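Got some structures for you, see below.
Note that subunit A is present in both complexes that follow, paired respectively with subunit B and with subunit C.
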Partner chain A sequence: METATSHFQLSEDEHRKQRFRAAMRHNLTAYAFLAPILVFFLIFMAVPVVWLFYLSFQHDGILAPAQFAGLDNWRRTFSDSLVLKCIINTLYYCAMAIPTVFVLGMIVALSLSMVRRGAALLRIIIYFPTLQASLIVALIWTFVIHPDFGLLNLGIRALTGVKLNFLGDPHFAMPTIAMIEVWKGLGFWAILFLSGLLALPQDLYHAAELDGAGPIRRFFSLTLPLMKPTFYFAVIFATIVNLQLFDSVFVLTDGGPVDSTATIAWYIYRSLFTFSDPGFGATLSFVLVVVVLALTALQTWLLRERA
Partner chain B sequence: MSAATKRVNRRRFLNLLGGSAAIPYLMSAGSPSAAGLSGKITMIKGPHSADEAKYEAEIIDDFKKTNPNAEVEFTTYDWANMNAQLTAGFASGSPADVQYLVDLVYPAYAERGVLHDMTAWVSDPSWKSEHDAIQPFAWQLAKSSKGTWGVPVLGAVYNIFVNLDLLNAAGVADTWNKSYSDMMAAAKATTKGDTFGFSMRTRVSDYAFWDWFPYIHNAGADILNKDWTANGLAGSEDAMQFLIDMHNAKVTPPVGSVDWQGQFDLFKAGKIAIYHGETPEINDLLAKPPPFKWDVAYAPPGPKAQTVMGNFGILSVAAASKNKDLAWAFIKHWASGPEVGRFASEVNLQVVRTDIVNQLYADKPAMQKIQKEFVPRVKGLQPHPKILTMLQQIWPVAENAYLGNLSGRQAIGQMGDIINKLA
Partner chain C sequence: MTRVRRARLALEPSPAARVLAGFVLAVTVVVSLAPFFYVISTSLKETKSLFSYPPHWIPDPVYLGNYVALFQKHPFGWWLGNTLAISAIVTALKLVIDGMAAYALAKLDFSGKPVIVTILLISVAVPLAALLIPLFLIIRSMGLIDTRLALILPPLANPLGVFMIRAFIAGLPDELIHSARMDGAGEFEILRRVVVPLIRPGLVVHATFIFATQYTSFLWPLVAVRDLHKQVITVGISSLRAIFTVDWGLISAASLIAAVPLTVIFILFQQAFFHQSLAGALKE
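Moving on to the complex of A and B:
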């Protein structure tokens, strides 16, 4: 008995080893499951990022052999007025598009949550623009904003007698791009918010109703606080996606007029492929990464404090 | 389909040529050296027509008659994304053997060493008659960075289309292009209601600089100075001011409001009197004649010259091509009178060969006028490796000026500063 007992009485060191082995087994299993995505991440994300970082200190390197450029590309980045303009334009676009699409998305989601018949069809219809290619979206909106025959312009002209030059006027071009992107993204955000709304505990609403809380009080005291985790994800995701605005700009304005719709992603593309300047393009890519990381970190900190 | 728009088939084109221009080519095509070539090459080109693949197949079929063991695969790039697609091709290490490159982009590729220097080939005495059939200005456009990077084959001329009915009604049909002030007067006289007297491209995405160039060239200026060491825009301030005034006089659609296609649609609808366009649009006007008389023209004379803008395409061989001899043989075939002539007729582009001009476009007077009268006036691009970068970077300044925010002097000054940084 004593011998058997002593057999199971392991020393502290052996206990530690056993715990380590168990943890290793557990971790290895997890890593085995994660391996495919980690390999994918390494090949398609990490390696290109490291390569771009290397290119940011080179001249050329894609068509012609790379030549060490020192900090030339970085110096250019901080002295090029168009880079600053691109950053400001991109932030201006985000400031217009993200709050607008969130407010509209929430309104649509709340409306959809109240629909009892035909809800599935409505959701499909609302989600449909999100599925459209940028080229199709551009074509559709041409018929809306065209100065002569655009539906929106016809309406504005009928009311005010003025034709708006939506994409040709530097003051209107970026708001117009934001409007088009909001239209395109509304379905996605509405469905995301709807899924958050449908997951809210209904017993809290019943209790609030019994306590005499009206719909507006219920929305501000229950819905909004309970939706915080969804908003937390949405704000970060929307920021990352919108900071990379490219398609609409490329198709509709190509950065014009007068660089008023020039965005960081557009300038990266132009530097890499139109100007055949991979070193500068790579440097700009890092600027974008830094801007995205900084804003995401700031949002994470702010939202975590309040979540 | 009217006789004017009838497609030129191979037999008809050869008949039109009357044999003389085709003789050197036909002789060389039947030579044993050409017949002996074999292997597979690819060719990449931007489409000049929805039927591009069909027209290329005609050229390839003819080539295979004398080179039965050769295989040519044809593929296209999109004009809008040509740089991205061509760069990806070159960077892959196995680009298309034969590349159709326009003068805007090829110098950058030549400078990076991804094109084969064709100087020895094009200077070969056995090809002299073919070489000499191509106009000297076109050869100049194919040379940069101390090499000859291709054989010039096609060009697009940026001409003006005029609605003669509108000009006649305003009594300015005979005077509108005598001078810039006459042009302004004609534009004002024909602007009424929703009809504009004048239009030119203003957006960088529409390559608006093509319409701007003749006015700059007519002032004796250019993007770069003669030795390409600095900007050469000095002297074009008044020309720039004229274009600004034209936009501020409200005789054009509001700046940036209508893209190039939109402007052409307005012209076809009879809503623009003086429209800056491009020769392939003649096909459209012949296929669906608009309800008015029209003609082609070029910009009024400037203080130093009266030029026409054109941009040209060359056929190049990729430095990485594994079958350069076959690629060169195919380029000689493509650039030969019968082949390039038929293709140009099919897509309404200009040729740079002088020996087929008289036979070309016999049934399309507007095209023949452009080929005979406009092409000799062409002052093309300076094929600097950064020419596209320069043009795209200065264009926001031009847009800002057209919007009335800069004077001609300020605009040219700002453009010059940008070019000086890149030169």
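Moving on to the complex of A and C:
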């Protein structure tokens, strides 16, 4: 009896050990496959995020040794008038660029979906600006909006005789940058919306046509509601990307005139390289991380609700 | 490919709608291309002739000095070479790193999987501009400021590609991998011999995506590298701008050359690219 029990327990133990070994072997293999991405992720992503938080309680650290700053940086982040200006500018830019590029992108997507011939070539041409680096796009656009030889300026001058300077005027500078980014982004959103359009259940359209719904009615009561998941994704993704606006501002206006194009990412860069104040820049960065993560959480929640 | 060619709505649009669509597309094409054509014309003119009014649309005589100056007076060849080399290296490394991680997440059982997935998913959303300062301090403490390695290492941490490749691998039937295991193949061998050949079209699209992201990066190289001979093309060209009298002819020539590599790669792979994005953009 006693031996039988112990024998039984032994075999159960042995069994458990074997299963444990198998599981460990599986774990070992899997983590060996994951090791490279996890190492780089740890060094260049996890550590930087934690370090941001730590830096936000420090002064100096670039030229002079770092010292504890308490809540100084946080107080300054929420009272500095340029921070407020940068946040307002960035949101103003998003509010101009994102709806514009969405409406235009949707119009181009609808047009592309109706084309019979030449669609492949059209897609390539329309995607061409999206493909280029934003810095190159910004430089190419200096040849469109330069006061002396800009293509657009020459046109306006030929028609009205007025010589305009788009980037020199604090009221026009940010809308001009928004226009450039819309031009660059149009191809991307048009193709994304086109893929959304083509994925729609087409039998509904036949049914709607039989019910006597015209094309405009079909667009507003079928296409737009059905494309809601695409739009949720699009709005949040576009906001995350555009909240980081930097390249074109850096090369075209460097925040000016009178800080009218100063953005959050521009200020983070400046706080490090012009003001040698990484603690303050880190605080601003941390706020940006929190905002973007919150937006992403919102997106996940909205998409889950629909599914 | 056939799928993309047939990519049209079920209802035939009316002739009026088709004319309107044609008009919209014609305007879009003109607006998309006009700046490039003007920049081509500018790059073939001397900068001082840019300021004459009315303008000469067609350069006469054709002036090649801008292109010559780029390579003779500026380290433009270095910028182009550095960018192409760094983008290619990052693309190659990233495909291996992402592919391995994606395979583990898609087809291997292990403890802690939900935690790893959640952490990597959250980090997809971390804005890279916000990591600028700590990244700079980390790279500086590694002694890598002003090296090309500084431009190669941090991009490898981006986990977005893991999820894209995982989606391709998850679509493969499990039996395929089980039967390879029964034949005694190791996991790495399965990934290399069985999985990779099957997801090659997706990998090609993903590779062009990584390459393009790398080729167009600006903010990080601007911060990490000061030596112009080690610099990439975007920052290099922007440094041409930071002079009192800007040589616009030079900048137009540089911008055009910078636009060529991605354009060529895109045209080569556009069929695969549109097939992916039009057929599966919204699939999880």
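Here is the rule we go by: the second predicted complex is superposed on the first by the 240 of 307 C-alpha atoms of A that agree within 3 Å, B and C clash if a C-alpha of one lies under 4 Å from a C-alpha of the other, contacts with A are read in each partner's own complex, and residues count from 1 in each chain.
By definition in this document, a contact is a pair of C-beta atoms (placed from the backbone, for glycine too) under 8 Å apart; a residue touches a chain by one contact, two chains touch by 3 or more.
In this text, all values refer to a predicted model and were calculated from it rather than measured experimentally.
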Notebook entry, point to check: Since both structures carry subunit A, what do subunit B and subunit C do when superposed there: clash or fit?
Noted result: clash
Next item on the list: Counting touched residues of subunit A, say whether subunit B or subunit C comes out ahead.
Entry: C
Next item on the list: Give one of first, second, both or neither to describe whether A:V258 is in contact with subunit B, with subunit C, with both, or with none.
Entry: first
Margin query: Touch test for A:F273: subunit B only (first), subunit C only (second), both, or neither?
Written below: both
Checklist line | First, second, both or neither for A:C86, with subunit B first and subunit C second | finding: neither
Check: Touch check for A:V249: first (subunit B), second (subunit C), both, or neither?
Finding: neither
Margin query: For A:P147, using the defined touch cut-off, is the partner it touches subunit B, subunit C, both, or neither? Pick first, second, both or neither.
Written below: first
Margin query: With both complexes overlaid on chain A, does A:L192 touch subunit B (first), subunit C (second), both or neither?
Written below: second
Notebook entry, point to check: Counting only touches as set out at the top, which of subunit B and subunit C does A:M179 meet: first, second, both, neither?
Noted result: neither
Notebook entry, point to check: Touching A:V101 in the superposition: subunit B (first), subunit C (second), both, neither?
Noted result: neither
Next item on the list: After superposing on chain A, check 112-120, 184-192, 220-228 or 256-264 and name the one in subunit C that bumps into subunit B.
Entry: 220-228
Margin query: Residues of subunit A that sit at the subunit B interface in one complex and at the subunit C interface in the other, please.
Written below: 146, 148, 269, 272-273
Next item on the list: State the interface residues of subunit A toward subunit B in the complex, per the touch definition above.
Entry: 60, 62-64, 146-148, 163, 165, 167-170, 253-259, 269-270, 272-277
Check: Which positions of subunit A touch subunit C when the two form their complex?
Finding: 23, 26-27, 29-31, 33-34, 36-38, 40-41, 43-49, 51-52, 55, 61, 107-108, 110-116, 119-120, 122-129, 131-136, 139-144, 146, 148-149, 151, 154, 157-158, 183, 186-187, 191-192, 194-199, 202-203, 205-206, 209, 215, 229-230, 233, 240, 243-244, 246-247, 250-251, 264-265, 268-269, 271-273, 278, 281-282, 285-286, 288-289, 292-293, 295-296
Notebook entry, point to check: What residues on subunit C touch subunit A, complex-wise?
Noted result: 4-5, 7-11, 13-14, 17-18, 20-22, 24-25, 28-29, 31-36, 38-39, 42, 50-51, 53-55, 96-98, 100-101, 103-105, 108-113, 116, 120, 122-123, 125-138, 153-154, 156-159, 162, 187-188, 191, 212, 215-219, 222-223, 234-235, 237-238, 241, 248, 251-252, 254-255, 258-259, 262-263, 266-267, 270-271, 274, 277-279, 281-282
Next item on the list: Would you tell me which residues of subunit B are touching subunit A in their complex?
Entry: 81, 83-84, 87, 90-91, 108-109, 111-114, 194, 202-205, 253-258, 262, 386, 388-389, 392, 395-396, 399-400, 403, 405
